[in-house]
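Following are the structures in question.
Shared between the two complexes below is subunit A, which pairs with subunit B and subunit C, respectively.
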Partner chain A sequence: MRPARQRIDVYFLKLIFKNVFRAKLRSSLTIIGLVIAIMAFGLLQTVVDAWFAGANASSAARMVTRNAISLVFPMPSYYRDRIKAVPGVKAVAHSQWFGGIYIEPKNFFPQFAVDHENFFEMYPEFLMTPEELLAFKRDRQGAVVGRKLADQFGWKVGDVVPIRGTIFPGEWRFTIRAIFDGKDETTITRQFYFQWEYINEYLKKRFPRRADQIGVFNIEVTDPGRIADIAKAVDAEFKNSLAETLTETEKAFQLGFVAQSEAIVVAIRVVSFVVVFIIMAVVANTMAMTARERLAEYATLKALGFSPKFVAALVYGEALMLSSIGAGIGILLTLPVASGFANSPAGAIFAAFKVSSDTVLMQMACALVVGLVAALVPGWRSARIRIVDGLRHVG
Partner chain B sequence: MANTLVEIKHLAKSYTRGGQAVPVLYDITLDIARGDFISLMGPSGSGKSTLLNLIAGIDKPDSGILRIDGEDITKLSEGELADWRASNIGFIFQFYNLMPVLTAFENVELPLLLTNLSKSERRERVEMTLALVGLAERMEHYPNELSGGQQQRVAIARAIVTDPTILVCDEPTGDLDKQSAADVLAMLKQLNEEMGKTIIMVTHDAHAAEAARRLVHLEKGELIGDATSTAAH
Partner chain C sequence: MKVPFSYVFRNLWTRKLTTMLTAGGMGLVVFVFAAVLMLDAGLKKTMVGTGSYDNVVFIRKAAETEIQSGVSREQASLIESLPQVARDRDGTAMVSKESVVLISLTKRGQDKGSNIVTRGLPPMGLTLRPQVKITQGRMFRPGSSEIVIGRNVFEEFEGVAIGQSLRFAQRDWLVVGTFDGGKSAFDSEVWGDCEQLMQAFRRTGFSSTIVRLADSNSFDALSKAVAAEVRFTVEGKREQLFYEDQSRALSTFISILGTVLSVIFSLGAMIGAAITMYSAVATRTAEIGTLRALGFRRPSILAAFLTESLLLSLVGGIAGLVFASFLQVLTISTLNFQSFSQLAFGFVLTPKIVVQTLIFSLIMGFVGGFLPAFKASRMKIVDSLRAA
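Moving on to the complex of A and B:
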């Protein structure tokens, strides 16, 4: 009988599958570890993604103009007309960070006083009925809130929301006139908008020197391809003025905020990979123990005529099956856990918390790397074991 | 000898332990005829298992000639030797060395995966072989569901399923009770007498050795006796 090359067939897979669950407790604990690690990796990557969600949802046709010194310094409101006159500018609105507290500080959500006449025309991704928008424009104390925010606090149109001002002292009361949905899942719907005129009128009465000041101008351009030139033209308009400006794309403006917390993002990324490294060591240990216990079996297979490659493939196959099972369950659990977190009070700090397809692919890649690396040494040793040495492991 | 299957001339083997070469076999010269049943006997450390390993092609000698069926297996590469073993050698170990996660059927089928047989041909052959060793009813049982004697019979089935030239048995009755040992020895005798299998068996047990036609004694790596068994056959 002439020997053929060994077939990697169903028999081989069956052998691997049976081997995986031979030491049930050890395999189960390793799989649980893998599930937790892959899930933790996915969730941490999603946190990083959520950090960049605002920037990624930015429009390529919009710019933001702020005071060149710092965001905390305002600009005169009359800049608006001069910006509007810059060639390439299609529309201008403005907004002001409010920074109020709803009941208690832990209920944080972003609040902006906006140019109620023009702002929402510039943001078509915020979907609301024309009637609601009109009701907002007609009510000085009116507010527009995102769907996620409304859902979080159980608000509905007509509800009155009291907010304690910090930058603008006092108790402010807003009536919800519209609740907007996002155009798609990348649109952030956790903001609270109200009329800038509302606080400006107050400032005129109480702090006249702070009135008619703007935090940022939101600009829409006619040609996104010329956005850099238009930004330069806007800034040139205010060169050598009392409040020089810095104009940048909406994305760059958002990324500027992310950059301030870059150390945290880097730390999260590092931790996510440390988690993978730890589980790699755990799986490698499992495989080392497994291979050591089965040296006699591997030696027997080699004695029967199976090649060292076949033996190594058994070890690699077992490690990959183990990591695949763990990763599969981990990935499946990541989705509901992320969803649960997004809907929890803790998850509310993120505008968008959704597991991306890239993250799932990274989880799969991690599982593959974990399986391959974990089998590296035991696979090599098992393949190289001398038959006579391996057979001595019996009894 | 015209009918010589195993031809050994001036075979020597040593192992390295603690940086020093420890001789295990010295100048062994031995011929084994086709269809013979030979017992290698000797105390621990006499080199009998080493000699068996060399004949089985799972170890290589330092010097000397080792021809099996006219082929010098010392010249074969690792890969060639693996193929040669798959075709020519059937192994029976003291502790059976069955795969615990595979059924009796699957264990016996294992060496057939290295052949060109189709699935149905493999099934037919495995069923026939298990029937031959009296385990037709136990095909779907796992090793831990079988007695020691039954496990060794599965191992014998695995060893003969490819119809190898030589059966090498390393203390095949060493882990069995008296009755099971007698059954296994009877089966080996049957394979030798009725199917003409050449069997080389290492054993400590003088009683087991009597099952063989020929007794070869080793001591301290040297051949010290070669006689025809009086009790057997």
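Moving on to the complex of A and C:
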């Protein structure tokens, strides 16, 4: 009996395939709708992922220490030596958010004034030649920029970049001494680094009260397994001082930013599922119309002795095939569209914009659910149709 | 001769499942479209409601927010002495010198801190913001380590009930009351005494200085006076504009994201409408032939099918709008990128949005229904009658 059954399966698939393309215009429109929806879903999920890019790029062996009140409060620079003395701390560097404007505010990119001696030793994922790094260390006005940022503005090593300070007033000029690449795709290369000493020297002259202040300390630990204890030890060091500290892993620090804008992330997530519901309604409609038109056919099949299950399977098969074709094209198109967007000026606001394998899996799952739900009512109706009613039915 | 409206209506009524699914798809798109417009309107309303037109905010030149800014005591006194500044009955200049910092508080249900604007202000600061009312407890006493909590902070954050204390800057700050800022950005702030906060944070200068104009039209004169004095490295902006500028990036972000999404989603819904209408035309070929044979002209047929599609989209549009209107009970609190602090705002449904949304849904119906309706109107009488 086996071969016979297999033949039926082949015919069954063939029948479904023929059914899908019987109403060509309707099927193609439905498929186009599916392609758009599945692609939109994938891109929205990628936008959400991009939000977490900073957290994903973080290292398990690094911590960040900031003022416990909030990030806008600095800490005295002498904290550095005391942190270094805490057991388990391997290296300490510091960085300060600069928040300047390059030509106009819409050209936003993150700028950090960093401890030029130690900072890049702690970040091996930023790849640059030792000569370039040395050139940066020797130039008080030198800057190190990420590849993506350099490409965006067409900067080369040796270019002078003027930046208007908002927190640190004045017109600042930096000379690009090094351009770094990322070690792998999770590394973010959209930052602009320069020497903290440069602004500190200026502050010492103009605003002595604001000099020798640090935004955050970056700490590397010897043993990532003990990172929580080391963080506690660092904070204990400054308990009841003028600037109490809060030390957390780099990942937790980055997730702190995500948490602050969580409402937006939630909204985008919700909306990405709304598009799936929209397409579900469209496909369900297509299936309802198809099944209604074919009631007489289904009744005939039943009259020939096919079971209600077989008829329902036909409807389900058709819906699933329709949704798989649409989703397949949608998924294939998501990748080029995403990379096209990432390379466009609008995509530059995202530190990283890459479609993850989870996103593709979710797209597939959505297609499956859409197909199954769309066939629910029509499948049930077709399976239950009484032969006499079905044969009498006129679409 | 026009095809009767009841014919159009009944066609939709007989195919309830299809009508419901198509209108439902459109309704979801309309829901997203309306929600985005409402959110943007809510954000604007919050920011405009925060500032009053006759108040001017002075911050350091090149600074964009109060957090980045610094105004020295000398500069603040100079501003105070300008003739364009209003005086109250006692002759005191209506000037509020304020200190603004960010503190990190924890939202309910989260374990990470969010930045909250903490504003230190003198009694005059309260006079300049008449929309702010104490709802529970009392106002902080000048010269004490007491604070009052804005409505949204009170509702969304932990540890800010009356009688509790917040610890920052080596002091305990007792919560003595909550205030309602009339749906303004102040609802997302914590207020305390300016001098106390400055002492605690070891600050010598203010963050900003807010003045009431003696005459609403004297803003230009005031700006000129400030620009002429070299000791001023500050810039003034009307308070309303100042707060509007603070949320510009967030507002742009919401509207761009929303517009892009609405356009993409509407493609899906228009395809849905087209499918429904094509099928309606196909199954009613004989009917169309009969109508033509009865003497209905081609334009009437076109109008009938287009009306059907427009009616479908209108049903979807109204359904989407009704569901979107429920969003008005929600408040969204998120990070304002520019001020780097939490800002709470709601969804606001305005008559303009209702009109925009309905027009949007009718456009979807028109685009989705035009080709099928056109096809119906081009049918030849003989062929269509034979099709049955």
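Going forward, the second predicted complex is superposed on the first by the 385 of 395 C-alpha atoms of A that agree within 3 Å, B and C clash if a C-alpha of one lies under 4 Å from a C-alpha of the other, contacts with A are read in each partner's own complex, and residues count from 1 in each chain.
What we mean here is this: a residue touches a chain if its C-beta (ideal position, glycine included) is under 8 Å from a C-beta of that chain, and two chains touch if they have at least 3 such contacts.
All figures in this text were calculated on a predicted structure; none of them were measured in a lab.
Student: So, A:Thr30: does it touch subunit B (first), subunit C (second), both, or neither?
Tutor: second
Student: Just to be sure I read the superposition right, which of the two partners does A:Ile387 touch: subunit B = first, subunit C = second, or both, or neither?
Tutor: first
Student: Which chain, subunit B or subunit C, is in touch with more residues of subunit A?
Tutor: C
Student: A:Thr300 in the overlay: touching subunit B, subunit C, both, or neither? Say first, second, both or neither.
Tutor: Touch partner of A:Thr300: subunit B, not subunit C.
Student: Taking the superposition as given, does A:Val72 touch the first partner, subunit B, the second, subunit C, both, or neither?
Tutor: second
Student: In the overlay, answer first, second, both or neither for which of subunit B and subunit C A:Leu15 touches.
Tutor: First partner only.
Student: Let me test your reading of the model: by the given contact rule, A:Gly165 touches which partner, first (subunit B), second (subunit C), both or neither?
Tutor: second
Student: For subunit A, what residues appear in both contact lists, the one with subunit B and the one with subunit C?
Tutor: In subunit A, residues 395 are touched by subunit B and also by subunit C.
Student: Where on subunit A does subunit B make contact in their complex?
Tutor: 1-4, 6-7, 9, 11, 15, 18-19, 22, 296-297, 300-308, 386-388, 391, 394-395
Student: Within their complex, state which residues of subunit B touch subunit A.
Tutor: Within the complex, subunit B contacts subunit A at residues 53, 56, 58-59, 78-79, 82-83, 85-87, 89, 91, 93-95, 97, 99-102, 106, 109-111, 113-116, 158, 162-163, 175.
Student: Which residues, counting only subunit C, touch subunit A once they are in their complex?
Tutor: 17-18, 21-22, 24-25, 28-29, 31-32, 60-64, 67-68, 101-104, 107, 110, 112-115, 168-170, 201-202, 204, 233, 249, 257, 261, 264-265, 267-269, 271-272, 274-276, 278-279, 283, 332-335, 340, 342
Student: Which subunit A residues qualify as touching subunit C in the complex?
Tutor: Touching subunit C from subunit A are residues 25-26, 29-30, 32-33, 36-37, 40, 44, 68-73, 99, 105, 164-167, 169-170, 209, 240, 242, 244, 246, 252, 255-257, 259-264, 267-268, 271, 274-275, 277-279, 281-282, 284-286, 288-289, 293, 377, 395.
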